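As written, the chain order gives the labels A, B, C and D, with residue 1 at the start of each chain.
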Amino acid sequence: MTGWWDPAVWNLGVIIAAMAAAILWGIHRARRGSLLRVRRIAGVEAMADAVGRATELGRPVLYVAGVTDLDDVQTIASLGILGAVGRQTARHGCRLVMPTDRSLVLAAAREVLRESYTAAGRPDGYTPDMVTYISDDQFGFAARVDGIIARDRPAACFLQGAFYAESLLVAEAGAQAGAVQVAGTAMSHQLPFLVAACDHVLIGEEFFAAEAYLSGDRDKLGSLRGQDVVKDLALGLVLIGAALVTLAAATGAGWLAVARDGMLRLLQP
Amino acid sequence: MSSSLEVWIAAALSLMVLSFLWRDNPAYKFAEHLFVGVSAGYWMVMGFWSTLWPNAVVKLVPSAARLTEPAGPVPAREPLVLVPLVLGILMLLRLWPRLSWLARWPTAFAVGTTLGYNLVRYVRSDFLAQIHATVAPGLLVTSGGAVNWVATCNQWLIVAGTASGVVYFTYTRGGAGLRGGVARGGLVVLMVAFGASFAYAVMARVAVLVGRLQFLLGDWLGLV
Amino acid sequence: MKRLVPRVITSFVGILLILTAFGARPGPDGGGVWPVRAFDYVDRNFSVWFNILAVFAFILGGASLLKSHVAKVAHRRPDWPYSAVTLVSFVGVLAIGMLKLGGPPGLQGEVTDPGAWFQIVFDAIYDPLLATLYALLAFFITSAAYRAFRLRSPQAAILLASAFIVLLGRTPLGTWLSDPVPPSLGFLRLDALSVWIMSVPNLAGQRAVLIGIAVGVTALTLRILAGRGEVDGGGA
Amino acid sequence: MNGAARGDVLQRLGRLDRRWLYLALFACLAATLWRQPLFRDGLSTFSRPVFERIEALPPGAPVLVSLDYSPASAPEVEPMALALTRHLLLRGARPVFVTLYPEGNNMLQRLRDQAIDADFPESREGRDWVALGYKAGRQMVINALRQDLATMYSADLRGAPIDSLPALAGVRRLDDFAIILALSSGTPGLKEWILYGGDPTGTPVAGGCTGIGAPEFLAYFPGQLVGLLGGLKGASEYEAALADRYPERAFPRRAQLAMGPQTVAHALILLFLVLGNLSYLRPRRRSPGRREGRTA
């Protein structure tokens, strides 16, 4: 086996293995039926309320799954949230409008919605033209979505996925139309815009957690628990690492220096 | 005022887009639909001549290089580019509903490639490296033998801010007690960071508008 | 079959590429045991294949656009004349670019060479349209600042205060406003405060976000590679 | 003015048509552009390391410059690309231009006109600098370059095989470059160059980005990212530093000139922020029970 592996990156392997173990452990426990609790996520509750409100007002719900393609994990997560939103609109009989900017996303979203409407017992409520392809270009796309918002005046806009500069264009149009807006993205540079113009925002990781919570999928919830273990690991590494570095420097003790060097080697990128 | 037809067309189209600020109107719609068509064509042309032609077509049929470079050397044939070409053609089958299931294969390859590379790179650069950078300076920053208290306080804030931010992003733990308090502290740090992002974003948007006005008022009208 | 094959492809490719990150580097002569050479081969070629495949995504995008707008024009749907604009401009740019009209003779040279019609279309149409669409955002942010960005909560107030300091600190206005600050209180200068915000709380916040996202990406990747992903390579 | 009347005015201001706000922004910017004020500027904590790293480059050092922007963010990022290219050519380094954006080749054409042909007419393509241009595939292009430049680029934009270019002598893959300079306006951009280029190969990465990306990228500074020109201000800092260091070369100062209108716009937007919130907070203060807490 010698000569197969690059010994310089052993720590990367250890960390990835630890992360994988924690996440797979979480999934395993969830499948075994362990009770899963998720803390309250305000944005998720707001989405359900918004669908109800749209139904009462007789106005549609607009869903945008970001502007990136299916190779982006955020788009994939957004389709998971879409599944839950689709079940809600199906049950309420509320119209859903979903413009997409990628032909692959178009096809995947149709599939997701068809399944949602079937699962909600309303297969006839699904029509393929709920989801339309607009344009691959982000601004061409955003401008057309603005047009749809101005015309259809949705009561709720869900902007869930990876967004770039077009986010404000869309969010502003939604605010002008008086829609309840719930955004969710892991694009940290768009979050301030969305915080400014939307009622609720799922911040970064919260967006992925919302998907797990909404889908009610045991795998995803279990994975969420596993991820929290990984974050506790990160937390521990930060606190213990910083303490080790400080103590080793302050005391000059040999064993602390060894521990510190080991810690820094483990963390070396 | 410019005498170039190109500049006049560019100025007219800019004004059509700006007319959206008044309200949505046919001039804006025209400009926008023009852009959709032009950009789709633009991307296809760039993709074809920059990548598909030299990296696939010419490698499969080397003599094709003569069409674009009559004087250049004819490269060696690389039959393996048939793999991505076949995958690419399968991808186009998405346009025919009956065969579109075959289009999943190239997409599966693309997704697998992205995920496989992303995993290692995110863990290395955004997990390990970030923790390393937070930890490495320690909690007591010294310069020239004496403790630099300003740098030390900053370092404490960075460690505490990063740690509490990470706590904010945990979901299956209780939202009350010490953890809840730390998470609220994390939200404060995140909001300061988002404030900085907001400010920088404003700066970016204004800069682009200034550039456009430099074109309209300068290159076109010659006023500034 | 229709679902299984794509799942297997995704998992196989993904896991293989994760392993390549740990493979030993082959020697300068390309030597090494066979797995080393195999990993190197995969690492060398898969990204190239991906890049060629990426062009087909552009082609698919163009074809989808063509399909939807042709249908609009053919059925005289609302706003069909605009679809005709899109179609004509799409086909026109495609012809100009693929035939390399203007510029050097035949198919020689680059589409971006001076004198090539493609470059003229870029300068006269693409550039102003894209740049102005972007410039609209400065206006939208101005109105968002006035009408949407609110002190809704203590968090929003913190965000606003931080934005305020950085916005001032990054311009000569901040320097000018800070001139009355005595040198002993130099850290209270707006420009110094803005650098501090960027390099301390912003740094901490951004790091927390990056760590959180990295964990999320890892989890999602693992689930998909384990065949438990929600989208098996593109749905449909 | 008594309290009630003031509240009334503020309420009316709150309903102001957004088009007045647009007009105010336009008027302020146009007036400042007309006056053309030029402010002094200098390097900051984040931009200084970029300048110093390029100052310290040995002559002939190959530098990968990635132009990952389009006309949409050119006003911010293009001045950085121009200033960095001029600096590299002044130091005798060999810039090698690539781009992950389809529009990048057009941007490269503009860079060639404005910085290289205009200011360094004696420099020769292929010997002093190389234009490799665009390849589709986003971050996977970086990944391919990490292994071997030739897998994606068999020739430069002029069709010359890369083996024949003196500027690329000894450059086979990413870690042969002295530094990667990524000029970034989104994805793919600086982040991808760090994740796919810099971190796996150990090649230093520096660069510039739009204001949008700057706060996020600072998380990589200074370990994974040597230095950063953040937004128009970063470009202005670099232009000023270049002018101070090489006073005999009078290069255009596009970014520094744009800082005037920039400042005025910031002031106006801050004013709107304050006014907007005054009209929002005013009625609430009179009836605290109506307070609506919303989570952002």
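By our rule, contacts are C-beta pairs under 8 Å (C-beta built on N, C-alpha and C of every residue); 3 or more make two chains touch, one makes a residue touch a chain.
Since this is a predicted model, take the numbers as computed values, not measurements.
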item: Higher-contact pair (C-beta pairs counted), C-D versus A-D; value: C-D
item: Most remote chain, CA-based centroid, reference being subunit B; value: A
item: Averaged-CA centre spacing for the pair subunit B and subunit A, given as whole angstrom; value: 18
item: Chain centre separation (subunit A, subunit D; CA means) in Å; value: 28
item: Intercentroid distance (Cα basis), subunit D paired with subunit B, Å; value: 13
item: Touching two or more other chains - residue numbers and ranges from subunit B; value: 20-21, 29, 32, 35-36, 39-40, 42-43, 46-47, 51-52, 55, 68-69, 94, 100, 107, 110-111, 113-115, 117-120, 122-127, 129-134, 159, 162, 166, 169, 190-191, 193-198, 200-203, 206, 208-209, 211-213
item: Overlap residues in subunit D, where contacts from two or more other chains coincide; value: 22, 25, 72-75, 103, 105, 133, 135-137, 140, 143, 152, 199-200, 212, 215-216, 219, 223-224, 231, 233, 262, 265-266, 269, 294-296
item: In subunit A, residues with contacts to at least two other chains; value: 12, 16, 19, 70, 73, 103-104, 107, 135-136, 139, 143, 165, 188-189, 192-193, 195-196, 203-205, 224, 231, 234, 269
item: Subunit A residues within the subunit B interface of the complex; value: 11-12, 15-16, 19, 36-41, 70-71, 73, 103-104, 107, 135-137, 139-140, 143-144, 146-147, 150, 188-189, 191-193, 195-196, 203-206, 209, 213, 221, 224-225, 228, 231-232, 234-235, 237-239, 241-243, 245-246, 249-250, 263-264, 267-269
item: Contact footprint of subunit A on subunit D as seen in their complex; value: 72, 186-187, 199, 212-213, 215-216, 223-224, 294-296
item: Residues of subunit C touching subunit A in the complex; value: 18, 21-25, 32-33, 35-36, 57-58, 60-61, 64-65, 68, 130, 133-134, 136-137, 140-141, 143-145, 147-149, 156, 159, 163, 206, 209, 211-213, 215-224, 226, 228-231, 234-236
item: Residues on subunit B engaged by subunit A in the complex (per definition of touch); value: 20, 24, 28-29, 32, 35-36, 39-40, 43, 94, 100, 107, 110-111, 114-115, 118-120, 123-125, 127-129, 131-132, 134-140, 142, 159, 162-163, 166-167, 169-175, 190, 194-195, 197-198, 201
item: Residues of subunit B touching subunit D in the complex; value: 21-22, 42-43, 46-47, 50-52, 54-55, 68-69, 72-73, 75, 113-114, 117, 121-122, 124-126, 129-130, 132-133, 191, 193, 196-197, 200-204, 206-214, 217-218, 223-224
